[in-house]
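What follows is subunit A paired twice: with subunit B in the first complex and subunit C in the second.
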Partner chain A sequence: MFWKRRPLQSKSEVVLRNIVVAFLVLHMGIFLIVPVIMAFAGSFHLWNPLNGTYKWIGLDNYVRMFQYPTFWTAMINTLVFCVVVVAFRVLLGLSLAYAITSKMTTKKTFFRTVFYMPTVTPLVAVAYVWKIMYNPQFGLIDQILGVDINWLYDSAFALPAVMAMTIWKDFGYAVILFMSGLMSVPSDYYEAAHIDGANAWKTFCYITLPLLKPTMIFVVITSVISYLQAYVPVMVMTDGGPGTATFLSSYLVYDQAFVKYNFGYASAIAFFILVLTAILTVISFTVTGEKPEKRRKRA
Partner chain B sequence: MKKKLWTACLAAVLVLTLGGCSAETAGQHPEGVVDTEPDKGLEVMGNHVTYDPNHLVNDGQPVTLEWWLWDAPDLFGQMAEAYMEIHPNVTINIINNPWDGFWTKLPLALQKGEKGPTLFNVHNSYQHLLLPYMAPYDIDLDQMQEDFFTAASHVIDGQIYYTDFGVMTGAIYYNKEMWAAAGLTQEDIPKTWDEFREVAKKLTIVEDGKMVQAGFNYNGDFQNLMLGVPYQYGGTIFKEDMQTVSFTGEGMIKTAKMLKDMYRVDGIGSEDFGTDAAQSFGQGQSAMVYKWGHFYGYMNTNYPDIEYGAFEIPTVTENPFAYDRYNGEATPGINKNASPAQMEAAQDFIRFYLANTRIQKELCMYYSLFPASNALRDDPEMLENPAIAAVSEHIEDYIWPGPMPSTLEDNMKIAAQDIMYNDKEIEKTLKTAEDIVNVDLANIDFTSAENLYYKYGQEG
Partner chain C sequence: MKRKIMGAALFLVLLMMGVVTVVPFVWMVLSSFKTNAEISALEQTLLPKAFTLENYATLQSNFNFLRYFGNSVFIALVVTALVIYISCICGFVLSKYQFKGKNLIFGFIMMTMMIPWSVTIISRYTMFVDAGLQDSYLSLILPAMVSGFGIFMMKQDIGALPDELLEAARMDGANEFAIFHKIVLPMSKNSISAIAIFQFLWVWEDYLWPYLMIDSEEKQLLAVGLTTFNGRYSTDYGGLFAATTISIIPVLIIYIIFQKRFVAGVAAGAVKG
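This part shows the complex of A and B:
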């Protein structure tokens, strides 16, 4: 396919295209496909690349995974984390985007910049700052709320505390995406709704929301995928604790691979997450009535 | 022209960025010169393990060694300098890597054989990763054991691949000002845990129902106490097979209960009173903490104005099976795949390192370690360090469980948090931790050294 030349393409364009595609294929091959294959094979082995251990153990890693109580804790935490954070991201993102794009709002650029700022701030720095804010002795949050809660060391509050930080950090991304979605809705629709006597709420429900469906699906799916991979906030703020109260699936993978050097076991968990992500993506498309094939055809 | 300037700037930024990711090379030396003088006119060092500097290394021909470490490049660099002064044909380049990446980078570098570092600092908890790449020391075993009191615990199949230059363990650190303000004197230093709890009560200050000064703060150290205090009850961490743990022994459960009661019943501290005992002690909020020897350096660096002392960990009986566990700081390992010239120089350097009492002393002083070298045991200068003095009287009665893989401490930390913060049932939580650790240990080549302790078999 790289060598097939269309009449309107110049030679330099073809060369450039081939170089770019070759680099991408190489990059994907070396840094994605090969490691994924290695990890898949490794999930059937007792594997520690640091001392050269690589012993076939069949499905033992997968069996052990399902018997390991921390695995289930991590999966439940991940589910709660994903549902809550994605819900807040969508709700906040959509509400604020709607408010900013409203005709009544002035200084749109200012608000857009302010809301997007946390997204471009490094996650590790944000997590450290929030960790200090959650300190029970001198933290800002206890002082403002007038409470005495050890946020990151109380199992009732630790995961919600990490989720709150993540929501604050990430909602700006959804704001920008929803804003672009809202701005691309043709004004004719709104004018027609207005002539038909639709109020603001009805216009939002029957015009805006349906037309924002592709954006919504994109935000939800990319959010779910990124939160299934979230481990940095946990590593910085709680180390998975107290106990295993804030273990997320990807933190478990990190802990098994880079703390305990059980690369085989970590690979098994990573593969489980991969399959889960794929299933969730398909479910998202099914629930929203948007099939991947349809999207491809439309494109 | 503008474009070229931009490109050059970008390239420079890239190079600098990539440079920032690399390890710090602390002592890059030019290639050594040919050494033709075997007689250095220097005295032989050491007691049993001796080092005679009056010889040529690698027939005086230049040889370069890389020495990987994760800390104190200046200190180790001085040792390398001292050796290179004697043998100018040997060049030792110090490569300092951060601790976090060290244990991933080092084994991978050693897999490269001769191209890997010839010398590298060892932490015993990573012995299982490093041993396949290590060469045994070319030093008589009996001589080693005569000079270093922990050497026997590092014998593997009749050979020694590394030993300890010093050992570290826990002690109680107390704020002298708070101690005096509570009307306490040196006479009040507690010997038993019951006495300790009473002293801690006197040091605790609660105002309007809110704690303002903790008598004892172990936040962040619960797991360390859990892996040490149970020995006082006569229990061991490892079962008789020395390869599986037992976290549900009487000592372990009683220790967990005692620690929990200190906060919940005695009210001498709180899990919500700061998240880090060391910081709380440094900020003058906690009167006593349980810390290991490196706390001395931490306080000197971060809180030099706090006046504090240290005393030995209290016990449950007058003559406990063991006071606490200790851990050693290890001498460097040698890459078994080093070239013959590098191997000869590395073995010679290790002998210099072990026979040189000054080096041993500097290292122990730097890290606040009780010296493993018997020659330094009663050194008055070392005993001025409160961290060393506190443990010196009964150092033989501290036990080394072996090069414990990190899974033990990691899972005990989880169990400790579950007990303290999540109010989970002690026995059930410790059993869960025990099961997880034993699954992990089954996949690691590890044998405990508890049975090498001189009182092993006499436990309660």
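This part shows the complex of A and C:
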């Protein structure tokens, strides 16, 4: 069609394009690129805004970071947090989506609406409710389970408690994504499998799962990236405690930057998280051999 | 017969998971009608024994709750409106116009979505303090008004509109601004509602940035307000229940009303893109 490539651009098109491009470049420049560069430069400085220190110290912040035990505690906590929460998210998301989309289930919309409810509620408020739910004297959880555990103040239970809250909050998102993945599987695939005599389990393993791979990758990557950045539940529920039992990577940045005002040191940790995020994204894509663009086009 | 039993079993499992999902909300709402004595009593009941509205009544006097609430609504509405408009117009230009550097800009926007908040927040904080924008709503609105997610979604959505439609309007002599406002915007309602709900929620629950930027109590937002409330009146669980109920219920109502568009938006953003 001749208008697909229009060499002639109207004046208003040029004006609109220029406005949008100029605005985007300016906004990204001021609020993203400059801050990233400032943080990168800052990570090589002793930087404390309270007493106005800004002194070049080379790689000291990075060296200190790897020697700092709390850094490793936070990283291990984050790893455990990501593995457990993401596993539950995928497991719950996939099985519940499978159950809802099953032909035998009625009230699909109702269940979908219910499961997605926690995802759309504000995290700060929800974290407070869970904090009270974990109260050892009158909290709902000890009442229901019939145990006497001081969840948030016991270093063995604090991190699992925060993880349980996060699983509850986030699994609905995976349910929705897997549901739309499941519904996009062409029904003749299932019919063909049925004719070939495959049972439900085989059909699931050999047809449904491989076709859901893109959704699975998407859920895992977005989850890990978002948990590398999680700080609200920790801040509201435990303040990182008891001790450093619930320090997560991004909470450590908050703690170093805005509690202890070690801006340079906090920037170094933040850059470590950035590199981690980038590596994880690249690994996940190469492992599965799929580029995001390709996946997009196919779906 | 076997099918029927399977169906019933499936329904039961789903129902149980549904109950687990809903219980915290129910507990929160019911507890907000209990007296503090009853909340912290040894003998617990699900339903309030002595139904009271006092927790809600004292919210305002103890806590200037309406002020926080109003501030949050205001900021969330302004930011959401700006994000929607900017996402749409950027999505339109980036999907329907051909020009040099387009893919570079779009690739860059995608890349910035990956940058953790922790990398930018320290220097942004320094920038805003140096610019004297601390304790002003500009500091909350300016950085938030461009959303990579929003631009990405609108680019996908508007890109799917038929070129013929736009071309026909151009033939009729419409300029690009008219085309955008009269054709593209109205046709993107579904994605717009999805972005609207998400963006509203993100602003509503944003915590650290307003906590760092806003000093004066009369400008503070609800999410941060909840914290000060918790610290100062640490024993007033009834008040905290009432406050969280009010900060969660409006969002839930919006969600239940728009849930169809919501789900369509999530699915479109993830699978298509």
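Convention: the second predicted complex is superposed on the first by the 261 of 299 C-alpha atoms of A that agree within 3 Å, B and C clash if a C-alpha of one lies under 4 Å from a C-alpha of the other, contacts with A are read in each partner's own complex, and residues count from 1 in each chain.
One rule holds in what follows: contacts are C-beta pairs under 8 Å (C-beta built on N, C-alpha and C of every residue); 3 or more make two chains touch, one makes a residue touch a chain.
Just so you know, these numbers come straight off a predicted model, no measurement behind them.
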item	value
Subunit B versus subunit C as contact partner of A:260, first or second or both or neither	first
Subunit B versus subunit C as contact partner of A:244, first or second or both or neither	first
Subunit B versus subunit C as contact partner of A:100, first or second or both or neither	second
In the superposition, subunit B vs subunit C on subunit A residues touched	C
Touched partner set for A:114, first subunit B, second subunit C, both or neither	second
Touched partner set for A:137, first subunit B, second subunit C, both or neither	both
Which superposed partner A:151 touches (first subunit B, second subunit C, both, neither)	neither
Partner chain in contact with A:184 - subunit B first, subunit C second, else both or neither	second
Contacts of A:232 with subunit B and subunit C, given as first, second, both or neither	second
Subunit B versus subunit C as contact partner of A:271, first or second or both or neither	second
Contact residues common to both interfaces of subunit A (with subunit B and with subunit C)	49, 137, 258
Sites on subunit C touched by subunit A in the complex	3, 6-7, 10-11, 13-14, 17-18, 20-25, 27-28, 31, 39-42, 44, 86, 89-90, 93-94, 97-99, 101, 105, 108-109, 112, 114-127, 129, 142-143, 145-146, 163-164, 167, 170, 175-177, 180, 197, 201, 204-205, 207-208, 212, 223, 226-227, 230, 237, 240-241, 243-244, 247-248, 251-252, 255-256, 259, 262-263, 266-267, 270-273
Of all residues in subunit A, those that touch subunit B in their complex	46, 48-52, 64, 68-70, 135-137, 148, 150, 152-155, 240-245, 255, 258-262
Residues on subunit B engaged by subunit A in the complex (per definition of touch)	103-104, 107-108, 111, 128-132, 271-275, 285, 405-407, 410, 413-415, 417-418, 420-422, 424, 432, 436, 439-440, 443
Subunit A - residues contacting subunit C, complex	1, 3-6, 10, 12-13, 15-17, 20-21, 23-25, 27-28, 31-32, 34-36, 38-39, 42, 49, 92, 96, 99-100, 102, 104-107, 109, 111-118, 120-126, 128-130, 132-133, 137-138, 140, 143, 168, 172-173, 176-177, 179-181, 184, 214-215, 218, 225, 228-229, 231-232, 235-236, 250, 253-254, 257-258, 263, 266-267, 269-271, 273-274, 277-278, 281, 296, 299
